[in-house]
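Structures given as structure tokens follow.
You will see subunit A twice below: alongside subunit B first, and alongside subunit C after that.
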Partner chain A sequence: MRIGPSGKERSSVTLTMDPLFLAWSYFRRRKFQKCSNICTKVLEDNPYDQAAWSLKTRALTEMVYIDEVDVDQEGIAEMMLDDSSIAQVARPGTSLRLPGTAQGGGPSPAVRPMTQSGRPITGFVRPSTQSGRPSTMEQAIKTPRTANTTRPVTNSSGRFVRLGTASMLTNPDGPFINLSRLNLTKYAQKPNLSKTLFEYIFHHENDVKTALDLAALATEHAQFKDWWWKVQLGKCYYRLGLHREAEKQFRSALNHQEFVDTYLYLAKVYRRLDQPITALNLFKQGLDHFPREVTLLTGIARIHEEMNNITSATEYYKDVLKQDNTHVEAIACIGSNHFYTDQPEIALRFFRRLLQMGVYNCQLYNNLGLCCFYAQQYDMTLSSFERALALISSDEEQADVWYNLGHVAVGIGDLTLAYQCFKLALVFNNDHAEAYNNLAVLELRKGHIEQAKAFLQTAASLAPHMYEPHFNFAVLADKLGDLQSSYMAAQKSEDAFPEHVDTQQILKNLRQHFAVL
Partner chain B sequence: MSSVPMELKDSAVTSSKWLDAHYDPVANLYTFSSCIALADLHGDGDNKLVVGDLGTGAGNTKLKVYRGIGLLSENTLLDLPTGLVSFLMDQHEPRTPAIAVASGPFIYIYKNLRPYFKFTLPFLEVNTLEQDVWSQARQDMIDTMTLKEMLESIRAKADIPLSVRSLRFLMLEPQEMETYVNLHKQQPIRRQTVITCIGTLKKNMVDEDAVSCLVVGTESQDVYILDPEAFTILSKMSLPSVPTLMDVTGQFDVEFRIIIACRNGNIYILRRDSPKPKYCIELCSHPVGLVRMGKNVVVGCAQETLQGYTQKGKKLWTAYLPAPVTTMAVLDLPTRGFQAVLVALANCEVHVYRDKNLVSTIKTPDVVSSICFGRYGREDGTLIMTTKGGGLIVKILKRTAVFDERDSAPGPPLAQSIRLNVPKKTKLYVDQTMRERENAVAMHRAFQMDLSRLRLAAARTYVKALESSLTPVSASLAEPLKMNAVVQGLGPSFKLTLNIQNTAVCRPVMNLAVSFLYDDRLYRMRTAFFKIPLLVPGLNYPIDTFVECLSEKGISDIIKVFVLREGKSVPLLTAHINMPASEGLALN
Partner chain C sequence: MPEVKTVFKEVLPKQGQLSMEDVPTMVLCKPRLLPLKSVTLEKLEKMQQEAQRVIKQQETAQQQEHA
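This part shows the complex of A and B:
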């Protein structure tokens, strides 16, 4: 019989279709809610239908699934109370935590702005790029830029808890599986059920301890020969902060089965243990087995970037692009690197490529506008910014666009417009330290010394990692004859950017002044 | 990585001149170059190291004697030592030198490491008016407040300064004065000075084991020369300022020179038969170390320079140092006819200068605070250093060491030959400039049009923001205010700090209030409205309040802060605080 266009005929067909098959079909089309609903019905008829039960767990897991490889948020407790670090001050070039270990000759902070952790800003926002390692507890618990909070989260909460609660909200009539009443030993002996059950516990319920118990029982049942369970054990250990145990499990899993994901997990462990060199070696090992694997190459590039070795990072990103020429992260990073090494016309090419690929957002237009301005393609500059303003999704983005427009206005010498733009940046983001700093300079030009001082102090308190407000304050105080304040500010500026020649000059002058009778 | 082998090589060069004899980082020895001496205390040809240890706190001062690498003896000192010298008092055999430790107004003489004699500086003239006032107080003719007033007037006018007792009295709180006066009024008033530096001067012979006089500089701007046996004052000279460092040469009975660096930044040169300084060297910054090299004077200045002068005060040369000087000493090897200046620097290095040429550099593990070169044990060329952290370093100059004297006058600076890393202009750039050249008019027009549109858009948004007072910086001229907010905490309790500052030049701002606007289902505030005190211009006023998050769903919201003027409903300032999500629920 032919399935005709008439509605009646079609409905009769769906009625006769096997509900489990339909659920499976929904699952494959990623309509997880519908899939789960059908499974629920099937289970109401037959509570012991293992296929339906398994499918439902998978559907529920998929709803909240996030790729464990990329999610990496270091908690506040891990940052401040780190017991796995061996040396307080690591040797240069061996740690991700020392910001000042530039060795690749990357651009200085005078050219490329720094993040709070002292690294040059990247072209692509990743979970670990923003949160730096705060030096004091005070800095750790403060929210410097409140909305896109760059603050580290506490370990057990943060994203994981929020995901867990989100899934709780989807099931108002209680959880699907009652974990406390589950007989883990029984399930561990059924390989066809245990894997889906594990993923459900791990991702949906976010109960790492129970998941760990299950994984331990299951791997025992598989006589420690199943690499999959070892990887899962490693993931559990990692979540619980037992990095060395996680390392052991991942290593053992790699012995059974070479797998890209396992390499990525293991590298993540090493990054958390602050052993970037080991992680790099591991990636290279992985590349021997999986030559030119994009994720491994990206991992290497990221580590180089975090260690301020921008030139090598760019090399690896270029390798990535040879394999996958639509890799957004690689294009964005290479583009921003070209922008900050005084080649905006090439950066423009990369950002245009992103546009051609269909990335269509405020950040991209903002970058395009800046590149156009600095590459002297003036006719496209302001229209790009206009589009960026039209595509804004949050106040912070709007603040950043206005801030950049302020820079353009300074560039064309329209200080009134610049003043308005920087003020607008502050309207949309009250904690925009860079805007405060630039406003202070404009106020100083107008002769409003008190205002300028207040703005600089605010900028310095909002962003202690920036050297500009400290340096500007030092210059201002020096001109006013307040040498002590000037000296103190210059010292702070030196801490933030030790190679800054002008700071050195002002410090030298002040020291000479203090020493002379 | 490249810097590490460089360092190794460098220390290898240094170690070719110096042998590392001993390093004890925890020797617990805190002293300065003025309180360290090498002396053959027992006359057996085995030189000991004598150190006046300043200790770490009060009452820890000790006189320590080292032999080899071990501590030989330890005597407790009553007060902080200011100087320590060893000198021969008499002609008796065996020729064992005595140790003189200057401390406060006293010189303690030790012989055979036993206390032998205590010399006290002569008392200074006391102001007669002060004496009268205290005698009246003794007879209870005046009360303490009158006493205070009278002493203050004397202090302001008189040319003879007040005694320590009166000065201390003037520092006291009114309720303590009575007991203080009753305690002290019976004793006579004395005015005493303290020793600032000490040196030795041969009496009448040039020999190494000749009898020496003590030369003492005091806080009262005087220099005394003392007889070694009777401890009577042989000669007294006065200076225009307080002496801090001194170097003495010659013989008392023949001709001598005392070179004294003073607290006013001048160096004075005293000679026999002149109670006033003969020559004066005016430095451009404070002297930190003073060393005599033959007939020249080498001064380390606070300005990171080393300067050479003749004894008549003519400047010879200046060497620029990489770091501030901590202390200086002379390196004298008469057997090899070699003399140089040891300069310890704050960057953990000791430089050896021969005239203005750097001939050797020693890297030390810590900043050197005192340094001394001479015969220690039976080794002639021994360098002894103590560090800021209380360590003791002993190094021996190799007998094969050669100090090659190269003129360190540099040629063209190194930076001249370094190529700047300027990126090349790409082909793309050239193409774009071509485009720019061809379409200049069109591009300019497009840009100008966009610019006017942008100006309009910016002005509109700006006016909108001003009208609704959205800025955290007030634009009105009457109340130029600035506010920023900081949120602290992990939740569910947050601390909200508002930093409010009046940025006017000299006008205070009054009658302001702060209120908050927030979703009361999500947040609770202990005080959601309060008044701001008078704002003095230029000061930052942090105002704290506490916010509690009521939601357990990990949701966050915006809290709006308004600064209002009393009697007006339009806010002066507005700040939007994006609250972080509460993480306190993880505890539940």
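This part shows the complex of A and C:
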């Protein structure tokens, strides 16, 4: 450190800070790698320095920490071999698995695109919104995910295991703590070390079983009076798929101490158990203790949205915004709802608000571009899309932006451009069913019947949940005189969208034909 | 013979029904608003990319050692 009021006579006096204090300072400034390095040095000098040890576990944990409330990934095994459901066929409005059963009347798929699980697409993705529930194993394996990112993981902990091994790979000397040699009983009796150690095992090592052992010993040591350990036990049970045990622990923790997080964890358990109504009641209970708590309100809104009850979801999102007017999720969801209820001008205001708040990514500019176009602000449309293309981080995003640009091109009547845009969408994402369908329509306009047919069949096999390819195929086959194929496709279209009038019309005509024959 | 200019006048029926056939047309899939990503999801994806990068680096380093 150089000291001196003027630059002339600088005496270089080097002051060394106490290393542990420096490490703490780094930790507070979230420079975890530096903090961890200093702790490592301190521990080399004195392996029994508990403060440094504890601080290093915390730093390593923080590096990979993910909010456990948000983490919810269902693997194929959990989805298909689910034994916790009470009824195979749930009553309307009581299950998250039959999205069509909402009483609120969800938006029609003629206006708002559907995800693979049959829900309208949402304005915001979290790790848990990515898991839709496919109805068959085949669909589960081959259909791309709703948020256009990943296929389902084979095991719910798959992603975490990979992260864990990766963090170990970066350490050439092996893991910081050798878990198998750890004397858990000893650590469980030291409350000042056990909590950081638990978080390290749970978040950094992802060794849920060891974490569970430690938590069980520690809660015993605390004479079952520490709510924190009960919550951690619940988290472990949840990760292991023991939902009822998790529920017990969270309930017990709530008896000791009312805490917002515990409510959120418990609601997560009920969501997984497919009991949305219980979860809603729980949130309302939580709101009695913590009035107008934003996370609880958001939870309610999410459940309504997942049950396809968009109107009440929007009401709750508006409540959220009354408390926290910078809540990105609420703004994005209300915005997309306005867009799909034919009010792109209002949607534009919401997305513009997000831009003002400093959200700066490809998705937002894409949405702004679409809103501008449909709100007839043509000057801004293309520049928004240009920015969206400049901010792209993955091929899937790029495909979606080109797909939407294709719509703009269709809107201005430039079919050549539209054709090229949809083609580009397919270049970047070969599974883009919507682009296949729209290309088929364009091909048919050019008179390329066989090509159109092939595209429609591809689209239908990629996304059986969409009604458009089935319906288009029915129309095409009907024109070509292939009534049997037309009838089959129309039936599939009816399954995907029972209220579609044109499908009903085709089916009626075909049935008349067949009756005459 | 004076040339008679024939003026055609359109006939618009004031009475009666107007009917047109409702032909089913092809439908396009709808434009798709992209959902924004939550902070947690962004962090997860970032960590995964980072992990993949590290693993790839190590693999290439190993291959170079073998070679």
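Structural remarks
Everything below uses one rule, namely that the second predicted complex is superposed on the first by the 490 of 517 C-alpha atoms of A that agree within 3 Å, B and C clash if a C-alpha of one lies under 4 Å from a C-alpha of the other, contacts with A are read in each partner's own complex, and residues count from 1 in each chain.
The rule is short, and it goes like this: contacts are C-beta pairs under 8 Å (C-beta built on N, C-alpha and C of every residue); 3 or more make two chains touch, one makes a residue touch a chain.
Note that this is a predicted model, so its numbers are computed, not measured.
In the superposition on chain A, A:H407 makes contact with subunit C only, not with subunit B. Looking at the shared chain after the overlay, A:I121 reaches subunit C, while subunit B stays out of its contact range. When the shared chain is aligned, no partner comes close enough to touch A:N281: not subunit B, not subunit C.
Shared-chain residue A:Q451: touches subunit B; no touch with subunit C. When the two structures are aligned on the shared chain, A:T326 is found in touch with neither subunit B nor subunit C. In the superposition on chain A, contact of A:L370 is made with subunit C only, not with subunit B. Of the two partner chains, subunit C is the only one touched by A:V64; subunit B is not.
In the superposition on chain A, A:Q50 makes contact with neither subunit B nor subunit C. Once chain A of one complex is fitted onto chain A of the other, the partner contacts of A:T311 are absent, as it touches neither subunit B nor subunit C. When both complexes are aligned on chain A by C-alpha atoms, subunit A residues 147, 149, 162, 169 touch subunit B in the first and subunit C in the second. The touching residues of subunit C, when paired with subunit A in their complex, are 22, 24-38, 40-41, 43-45, 47-48, 50-52, 54-55, 58.
For subunit B in complex with subunit A, the touching residues are 1, 265, 283-286, 301-304, 421-423, 426, 428-429, 432-433, 435-436, 439, 442-444, 446-447, 450-451, 453-455, 457-459, 461-462, 465, 470-473, 480, 482, 484-490, 499, 501, 503-505, 537-538, 540, 552-554, 575-581, 583, 585-586. Of all residues in subunit A, only 76, 92-93, 105, 141-143, 146-147, 149, 151, 153-154, 156-158, 161-162, 165, 169, 341-343, 345-346, 349, 375-379, 381-383, 385-386, 389, 395, 402, 405, 412, 414, 417, 420-421, 423-424, 426-427, 430-431, 439, 448-451, 453-455, 457-458, 461-462, 511-512, 515-517 touch subunit B in the complex they form.
Residues 64, 66-67, 70-71, 110-113, 121-127, 129, 147, 149, 159, 162-163, 166-167, 169-170, 328-329, 332, 335-336, 339-340, 354, 359, 361-364, 366-367, 370, 374, 397, 400-401, 403-404, 407, 410, 433-434, 437-438, 440-441, 444, 466, 468, 471-472, 475-476, 478, 502, 505-506 of subunit A touch subunit C in their complex.
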